[in-house]
Structure formats: structure tokens, C-alpha cells
């Protein structure tokens, strides 16, 4: 096991740790720790809400989730010698949950998937699911099961939802400008189009005083993926993966958080995947001048690991870019994927699941979401693939009609 | 081998065959042939341009491709007893190229990928690639190679790009109305937003006279995927797949065409995948009342086959929903996938490929395109996965810099 | 499709074809056809008993199978320029069944698995299964089902059981000497230890007269795999595979036959896999001096194809090298695999199969057989892996006990 | 993380731990710990030589390895309520190395593969490799590399080599009798045919006094796999696997040890796989009366996990049952696999490896070994599959000849 360079005391909140992390992107957040090229290191991570979501049967915590406080990031990690224009090489040597002895995440051999309510973030299918829902997942043997979504068990595809390097001053300015422009087109939208800098709830490592105030007012929110990687929510960044990040500041200032035990492509419930705290063992290296050498000006490239869970039988659903109201949109793959997801949900309800159980399942299980056709004007075609072996019953269509699962107590639900 | 119910004489054009197919969707196109539930049958298919694209080193044929004439569909096949509300079960028993002895596709152990020019259809990356390009692929041993994109060889993932059932009168009307509404928002756009009914070039099976005129003026174009399946371009509809289509008219009136030897997710070059003529062996069955039983009101669902080519090592690229000009878009996965594709293209040029060679390769090879994050406001994150084993050289980033392939003669190019 | 260099008329027996093949190994059997390095060619093959086994419900044909007449091999194919010491490179471009219109194999979208009786060849488990049994398998959509082994369906792993190059005079002499020595240790054994040269039933291409007599009396039987490849029965020589054979005579004189639609590791029923006639598309090349360059003095090496059927869930059985009578043998993997197979058979009978149905299934389905431990004195450990997705019912152990399949009419049986 | 029911203090030898394990099989060894059905538990394991093999560059420790002392087993674990005739269900929830802070295995992010010398155990290829050799493997990121076998890196397929239940008195007697009978056929053989009970070095849990003496003189050695599972060395018993063991004594008395970071099929070097200490998280359950219900009288059956490392490109070698001296053996798969392994070794030497480096690699990497043909009299055919992606260079045959790796310092070697 590599040395723990970023430890977290599970009995204390994120803001009371010896080494303070951060929850905004800014070049002036000082590096918390430092590594040499070639070095391996263990980094511990809090789940993104730092324990605000409980292992219970109420969705009130999801409804009221404190979005200003996310994501708790471990870092920045300074990589000695890294310079703007380099590629930072990050090997994911290991990633897993940390069972906690005490504190808010005590005994965390579990995680959660939430559907955000419209008035607090919303989700991919917010028009169909305007309220908050939750599912608790228990981990055992590398597999997840849930009392809130019974009749399924699947192997975890453990990965960090968020990794990235610090932006340069110029890049940060670009972000803030372009996102403000978007917000300005509909500033009162619920859910919002984007999240502007927000001093409330900002955590900025060792910064204090005027520097804290300035950075808190400028720091970019961590919700979106951007040129530095960030919250890409790529489910395939699993153990064994090598990722290459562009470097924008001296030292690269790498940060990581938002661990998932599993996630379906898209993280469609927004508050999921299966969120959990845990650890990563990472090895850092540098390809000097690699951004230019390899034409990587932005966004991570990666070589995925080869130990992801294998499933060979799938049931698949397709969707096109026509709204539920029948409006024809032009090559809108986002919409096509929504329609494919809704088709999968409708289908699964015939086996006894509630729509929200099916939705939570698609957010949590290792489902594949693919761009199948993106040019066949005016309709994009998107497809979603659900492994059939994860279900206790046979979920394939047949002349004899659907088997029925026992949907149990259902998913906790909270409305405003 | 099942009986050939829809034969094509390779020495004659599609319009001079004994059994006439069609290239528009309309409930009044009479069934060309008939099968019983449980029956297997071989259906032959012309490539979508019926031989207009040649195995040569000019892209003029791509530039001037006669879009009004596509897709040559084999069918309609009437399935006895199928009724609206049923699910039509289609097993893809086999699918492959037909080597032709004579005629326009003589010796077709080959196929092609084209990038459409802006003024004739355009493609997924039309702003970056406004002209026409072509690559010819040779098939041997289930693998494809190209003199126009040297240094790669990959196993075919053979599939039909287009399968579907006939629309009902109401459904056709819905299509025409909603697409006309879209077109009306920018009727002179190049490329167009959608393709309205077009009598010119219409082929309508055995229809003649006034019926022909009426149906030609009403029939929906075959470019887009819609509720009936249609041109979904799902690369995973390979041998061994079972597909379930909603039935909208008596007999289902199933049609098929647009065979691909391989395709990357999205069919991003538009005139690709690797287009080819060939055959399908299909088995038909019915789940009576299945649309309601399984909640399948529209769009195909399917159980993919289990013999797709296996690759275990990939290089992957990500993109987000910011335009090349720096404009922030809201959760636009279509854009995010474009950016991921452009990143892959930029990267591959460092190994010696021209941008258009890299683009043609991504359209043709079995690359995966995934919705990674679709909720992280304001940025979608899309990813594209390219199998590394298809390249003659090691295409992974390293401190020693990229190896160079010999890009050869390059891809044929034609501008207007 | 490559040119057919070795055609077979399905209305005529193997011995009445225009181009005669052979069923013995000998350097003096003249090449039947010739190819150039780099050339692709189609070769048609008869099933190994040339139609003696019928698609019916009797096992008399298996009991009385004419073993002297096997294997009908297509070839020899002379590869121009090949010299002793070279490696012959054979790409399996395609392999599949040929549906026959007429003659003894008419309509052959089917194949068979037989268990040889002790008095006519015997099988891997001859002591437990001394009589003859048969199962007919029907092919559709690349999958096999059987009226004699109901409740299973699996994707074919189509491959040639037998490919090889002609032996040199010295090598043939080595074979005959060492096999005669083995036979002499127990010349009356039933089944025999090995098969000596046998003029009766010999087919020797274009040879006639005294040459025929001499070669018939010297030619090695084709049952065993040997230095030249031969009847290796490697189920993984599927489409997309590249095989490297040592060359022992000028022109290599390559031959092929014994096609299987599928086979479990070991071909444990002896008259199985699923035997069928069919075709191969092969591409030939030479690595000059490759035997020395790569240290390949004997036996094929190969790069398997990447489109084999994928199964991700298995049930597995183990066995060790103790006989059923309780005798301890020393590191005998052959015995350990027998015991593992017997355990699998015992297990499957609890689900309703007869022992012979289970045995036929293990011989035919794509089961894996592995050497797990070969050094743990005195016991070898062998394991067999059966894909669970091929069964209609769940065949995993559970507290609720086994589900029952309907075993149907059972497997045809014939005793002497 | 489950409770640790069998902890090991890494600063102390196996014999000085608070809870004592054992290294012989005997029904009278008392259970060390107890679990309830349904319970999960962590069990720590020492590597099989308890630290006698060092992370250094000498093979003296392999040459002199104290075989009387193996295997250090953690257990017996009593499963409450288990009765003879039941099936014990063991889920492998997790398995991995434990990095040790102090003591003989300090810092063990490493393991070793050894080739035993003929005079101390021997190996699968003892005639070709009569001396002792060693390779040290370093673990990082779930992958192994070695200074003694450079140019390769592979993902670990972590598993316990040895798990099993205690034998009944009758079963133990059967073992001792049949193995003594075998030994008696050649009692002075080097290496021996089997290992009789050996009081010297026996560790028997909490037994003392006369009981200790009796059990030490009767207890079966742990080297071989037997009816109770035992040292099966099945590389596929990886995380996510469910194993079913026959129960022969009240409480089942389950034990486990001999963890491997990876292993090629067969564990051909004998002192390999990659040996390491570590932990297992197991969940125990019972199927009452399951031995009869499922026909499992002996030997484990199992459902393998689905997260094993995926490799899609292989180079494969075959062998038949003819000795190197040219003697024809009858259907001897053990010999055929030896010949296949020797072919692989010969081949790899052409790329620069020493024969012993190649041998160590085949014992350690996740290579597959299959029974390809077991009935083709007189020759068995065995095959071995080596993943090509584990090599730094391309190891496929080509006209340009083999690339050369830098074999480095080579593998440590010690002769008697």
C-alpha cells in the first residue's frame, strides 16, 4: 500500500481535517501535498456530501442536499516539475470504499443513489421525476444490492467521478465568462442552466483572509466537466486505468473526489451513481510537453483498465430526438438518450418495479449508454444496454409475458 | 440456408429487379413478399446507393451522391397474422456481404466510407470537414483494410443499419407534420434540418399510377430512425441479435437495408460505416399484444448477439458541450460527442494520419461512443473508445512520443 | 468470396468427386491443387464420415461407423515455394456449413454428435458409456439446438478439427514406428491403443496402381494430432485465427477436414463436437526458414480469432487423478479431466437430463476444459466450465434445489 | 470490511500467533474459530512458506525450501449447523495482498515464483529444469512486474490456491491408504510420487500431547487437491466466485491458504503462481443435504467471478503425448501439456528470454491451459494461450523475425 498523503479522519467533518481539501476550482488554491514523478500515493476521499446523506429510509436528505458544498475534493496534489503544456499521467492503481469505524459514515460498506428534486438540482428526467428519491446500496463481495431496489445484484465498477488539474487564471476566466453568458439567457430557470461562483459553502484548503474571499468569489464550481477533466463521471475510469490530463499551472495541482461504487452511463439520476467515500492509490508521472506532442489541448484522454465486470447478455432500448410532446428536434442526442432511458423505465415497470426504482437502477448499475446514430437528420438515435444477469428474474420479452419481482418497500420519496 | 424470399440480380439496378423494393415509408406500399410466424428467410440487400459509389480513387461519387434515391430497402415483408399492437420478433440469424459476379457491384468483397460534403448532406463534423472524402475498404477473413487509411485492420461488426416496420397512416402523418415544422424554422439551411417527402427518385414497390403519385408525395424519407425503428444505425444489431419492433399495420410490413460491414458508434461520417450490399437471414415471429404487455409503444428493443469482435485494450477521448468557438451550451451531448471525436482526430494526426483519414477511420472501425455524464450542468461529457489492437503501431501516449504510420496516398477528396 | 479451388459435388460421394482428396498422411500423395503465397482460396469439406451418419433417431449408424474411412480430407494443397523448414501461415478467413441441395447431406443445416461404442472406437468415458449414442443438432442463426438434448441453445464456435501439412518420409517413418511400438504393448485392446496403417478404405488422391498399394500400406491414419498439426481438435481455431504449421515437404501439401459447428474442449465423445460438412476460406503464406527462426520444430502455433461467442457466467466442476475405483494415479491430468466431466454429468442429471444427454452436451457445447493444477503430487486437478446462459433453466445450485428440464425423447441408443 | 476472525501478526511466525492454524488435514484438528451461516468474515493468510522466501536475488531459499512445513492454513473455521452431506457455500467477497509493516514479510507488495529443484520437490518440467530458480514480482496498481523477468506486465488474477473442508475419518483413511499404495510402487523416487504423513514440521492448531502426536502421524499432507477441495490451484477462484464444498464433518471445518497474486493454468513451476500472503473476505452458507441433491459427492464446484482481467489477443502453442525422446504415450494429456509448455518456452527464447525466465513467466502470468483433444488415439492434444498484450514487444511471428527484449540480469539460479 502506498503512503497515505491525503488522510481523512472519519470521525470529523471535511472542514475539520488536518489537511484541508477544497470544493472550488482556482489556480490560487495552494497545493495541500506534494509528490514526485513516478511516486505512488494513497488519497482518501469523502463522499461528495460529506455524510449529509444517511443510510435510512427517508429521501428528505436528498431533497435538501446542500449543493453549495460539493464536491469535497482531496487535493490539490502538486506534482514536482510539472509545467503548463505537460501531460500529467495518473495511474489508478486501486480504488475502493473505506469502511469507517465511527463518525457520520460509520460502517460505510454502503452507498446511495439519489434523484434530485427539480427545486434542488433536478435530474436527467426531471420533467418525469420532479421529486426526490433515494436508494441505499449495500456492498458485499464487490457486489451491490439494495433494500430499495430489490431483485438485482451487480458487480461494482468502482471509479472516481471527478479528477482533474487546476485551471490557469486565463482558463478560469474563460469558464466564468462563458457560463455566466449561458446563465444570463435564463437566470431564473429551475433547475438552473449552470452554477456561478458561490462564496457560500466554499472550502479552499489553507487559504484565509482576503485571499479566501477573492478566491471564493472567483472559484469555479465543481459540478461540470471541463478542459481540466473535472467531474467527467466516466464510469470506465476504473482500477488499472491510465489517465492523461493537460497541465495548466506549475505543479499541475491535481484533485480528486466523488467516488462511485458503480454508475450507469450518464449518471442520469444526478445524485448518483452509487456515491461513497473511499480511497484511491494513484501513481503520478509527467510527459514533458505532451500537450503539444499529442495534440491534447483539453479534456482527459485515457487507457481504461481491463478488469471491469463482464456481462455478455444485455437487453437494450433505443430512443430518438423527438420530445414526449411530439416535437421534432434536430439531431439532439441528449434528448434521444432521455427517450431511451424512459423506454427502459417503462419496460421495467412491467416486471413490477416502480418508475423511480427503475430510474435509480439505471443510474446505479453498470449500464452502457451509446451514441448509435448522430447524423440521420433530423433524428439522433441513442441506445441503452442493461445486463440481464443482474436480475433475479428473466427480463427478456417472451410470449409468456413478464415475470414479476417483489418490489418491496419501494424507494424513499420526498417532495417539497 | 433459408429460402431466398427477396432475391436481387446483381447485374441489374434495383429498379429493374423482378421483385421491387422501396425507398420511402408509407402504409400503402404493398407487401412484396410474405412469411409465416416462425419462418426463416434470406433477404438480399443492395448497398444504399445501389452501386453509384465506385471502388476507385476519386471522391466525386461521394460528392455527387444521389440522396433522393436512398435507402434501397428490401421489403415490405408481410408477416402473416401480425396486427397493430403486436411486437414483431426478428432474429438476425446471419448477415454478410454477397460477393457479386457481375454488374455494378462486381466482386464486392469491399465497401466504402464517405464523408458527405456540406452541400450534399453534410456530416457530423461538417464545419471542420465541408468537402467530400472517400475510403474503400477491402474485406478478407472477416477483417477490413483500406488503401486509403493504411496501418489499420479490424474485425467487421456486420449489421443492418436500417430495419423497421411500416408506419400507420396516423404515424406517417405525425412524422410529416413534425418534420415539416422543424424544416420551417430554417427552410434554406445547408445541410437541411430534415428531408421532406420527395417524389423525385421515389421507388414504391409494385405501386403504379395515381397510387404511386400519391404515396410518392406523402412517403416519409428513410434517413432518420423513428418510432418504427428505421435507420437506427445501431452497430450492435449483429448476428445473433433478437429485435422487437412495434407493429403499426396489419402484417407488420417489415423492410431492411443499409448493410454495414462495420461502423463506429454514431456513423459520424454520415456516408458510412462501411457501406456494402449483402444478405440477411432473418427469422420472424410475433408476440401478440406485446406492445402493451411490455410497454413498447415505439422504437425497437433488442437483445444483442454475443459474437461481436472482442477488443480488450482501448484509447479513449472525452469531450464536453462547449463549442470550438468557446460558447457554453447546456447539457448538449451531441456537441460533447463532436468534441470527443475531434480530440480523437487531432490525436491520430500526430501519428501521421491526415484529419480526414482519422475521421473516416472513426466512422468505420468498431469504436464505442458513450454518454458518460449527462447531468453535470452545464456540460455533458461524452467519450469515444478506439481499440488499440487495430493499429499496426502502438498508439498509446508515452514519453518517447508518437510512432509514425505511413499514411500512403491519403483519402480521395472532392470539393464543389 | 475466394475462388473455390477444392469443390465438392454434394450429390456424389467423396470417392467420386472430380478432384479426389485423401484420408491418410503420406508424402507421396500428390498435391491436388496449388496456390501461390498470399492467395486466398475456398475449400469445401465433407463431414468426416461422408454422409454415413443420418439425421434420424437411431444410433445404429454411430455404432457401425466405418472408422477405416476417416477423415475425408480436402487437399493436399501445394503452396508454391514452400520448403522444408518454412512456416506455413494459414489464415482462417471464414468457415461455415454448406447447406446441401441434394445427396446424402441434403439440407444440411444440421450436424451430429456421437458417442462411439467400446467395440468401435470408444470414447473418453468409455467405461461409463460403452454403447453408442447420437444427438442431432439443428443450426439456425449461428446457434445450435437439438431434439435429442432439449433445453439448451448455444452459439456455434465453428472450426476445422483437422488441418495439417504432409509429413516427410522420415517423419512418417517415425510415426509408424512409435505407434507400432505402443500397439505392440497390448495389440488386442478394445478400443485399440492406436490405429496402424490400413489399406482397407484408403483414399489417396490421384494415386493408382503400385504407388497406391505402397502408400496405402504405409500411410498414417488421420485420427491423432501429430507434429504436422493434424487432428488437433482445437475448438479455438475459429474464424479470424492465424495458424503457423511446420513445413516438412516441398510445397507444404496442406490438407483440411473434420469441420465442427461447435465442440467442448477435449471432444470428449470422440464422434463429436458437432460434425458437419462445410467450407473454409483460407489465405496461405510462408515465413521462409520460420521453423528455425521461431523455434517451431513441430505442432502448430496460432493466434486465435476474436469473434468467438462470449459467455460471462459459468458453472464449473473439478476432478482429480483418482480412479472411480479409488486408485491413486500420479499426476494424471487425463484422468482428472475424466473425473471433472463425470462430475458435470452427475450434476446435470439432477436437472432431468439422462447421463448420455449430459455427456453429448459436454462434447458439443462451447465448454472450457482447463489444466488447473499439474504439480500437486500425486493429484492433478482439472476443471470444466459450462456456460449457464445456454440453458433454458437456471442450473446454479441453490437452497431451493434444481429446476427440471423436460428431457424429451432422449438420445438415440444402440448397443452391439 | 467484515470482522477479522482469523488475524495474523505479521511480526511473528505462523507458529507463534495467538490463533494457531494448521498444515495437515485431519478431522481431529479442532476448529480455531466459528461463524454462523450467512456470516461474512475476514481471514488473513501467510504465504505458504511463512516468509522463508526472500525478496532478493538468490534462489538458495527456493532450493532449500522447507516442504515439510507447508501449507500454512488459516482455520479450521467451524460453520455452525453444517453437517456431513451438506454443501458448504463459500463466497469469495474479496482477496488481496496485505502490505506488511514489519517482520519477515515486511512491505510485501511483492510475491515470488520459484522452480523447485529435482531434489526438493521438482516441477512440471523437472527433466528440463532440474535446478532451482526464482523470480520476484512487484505489485502496483493490480499489476505485476519483475526485475527477473523484464519486458512483461500483467493484471493479477488474485485467488487462493487452497481452500477446503476437513475430511472425515474414513476419507482420511482412504487418502492415506491409496497414496501409500502409490508410493510403494517406487518409494525412492526423486521427486517422490506422493508425500506420506510427516510428523516433522506438523502444525495442528490447538492440539497438544498425545493427540498432537497421533494426528501428526496420521494427518494428510496439503500438497494435493482431493475430495475436500484442498490445493486445487484453480486460478479462476477469484473475487466474486461462489464455491460449493462437500461437508464431511460436523461444522465443515473449512481452511484456506496459499494465496496467489496470479497463476498460469497448471501452476507449472510448482513453487508458483505468484505466492503471497494476504487476506480473504468470505461469506459462508449451507445448502442442507446439498451433496445428494446436486450429486456432489466430492470435489468443489464453483461459479467463477466476472471481474477477471480481460485479454483479447493471444499466442497459442500446442503439444501432443509423445515424449521428447520420441516415445508414443497413450492419450496422456499431462504429457501433452508439458510439450505445449516446452514449445512456448522454446518460442519465447527467440525473443531474448532465457528458458527459465520463460518458464517462470508461464507459471505466473494469467495463461490459459486447455484440454483440446483427449480422444484422438493415441495422442492427446493440449494447448496453452499466452496474452500478447502483457509483453512490451510484439511477440507474434512475422516475416521480419522476432523483436528482442532486454532479458536483464536473468532469474536467480541455485543448484545442489
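Each chain carries a letter (A, B, C and D) given by its place in the written order, and its residues are counted from 1.
Rule of thumb we're sticking to: a residue touches a chain if its C-beta (ideal position, glycine included) is under 8 Å from a C-beta of that chain, and two chains touch if they have at least 3 such contacts.
Molecules present, by chain and UniProt name: A, B, C, D = Formamidase.
Everything numeric in this text was worked out from a predicted model, so none of it was measured.
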{"item": "Centroid-based (C-alpha) most distant chain relative to subunit B", "value": "D"}
{"item": "Interface with more contacting C-beta pairs, comparing A-B to B-C", "value": "A-B"}
{"item": "CA centroid of subunit A to CA centroid of subunit B, Å", "value": "32"}
{"item": "Distance between chain centroids, defined by C-alpha means - subunit B, subunit D (Å)", "value": "51"}
{"item": "Between subunit B and subunit C, centroid-to-centroid distance (C-alpha), Å", "value": "40"}
{"item": "Subunit B, residues touching no fewer than two other chains", "value": "306, 310-313"}
{"item": "Of subunit B, residues touching subunit C in the complex", "value": "1, 40, 91-94, 99, 109, 140-143, 155, 239-240, 281, 283, 305-311"}
{"item": "Residues of subunit B touching subunit D in the complex", "value": "310-313, 389"}
{"item": "Partner subunit B, residues of subunit A touching it in the complex", "value": "87, 89, 123-124, 174, 178-179, 181-182, 191-195, 223-227, 229, 231-236, 244, 265-270, 287-288, 290, 293-304, 306, 312-320, 322, 326-334, 337, 339-340, 343, 346-347, 349-350, 368-383, 385, 388, 396-399, 401-402"}
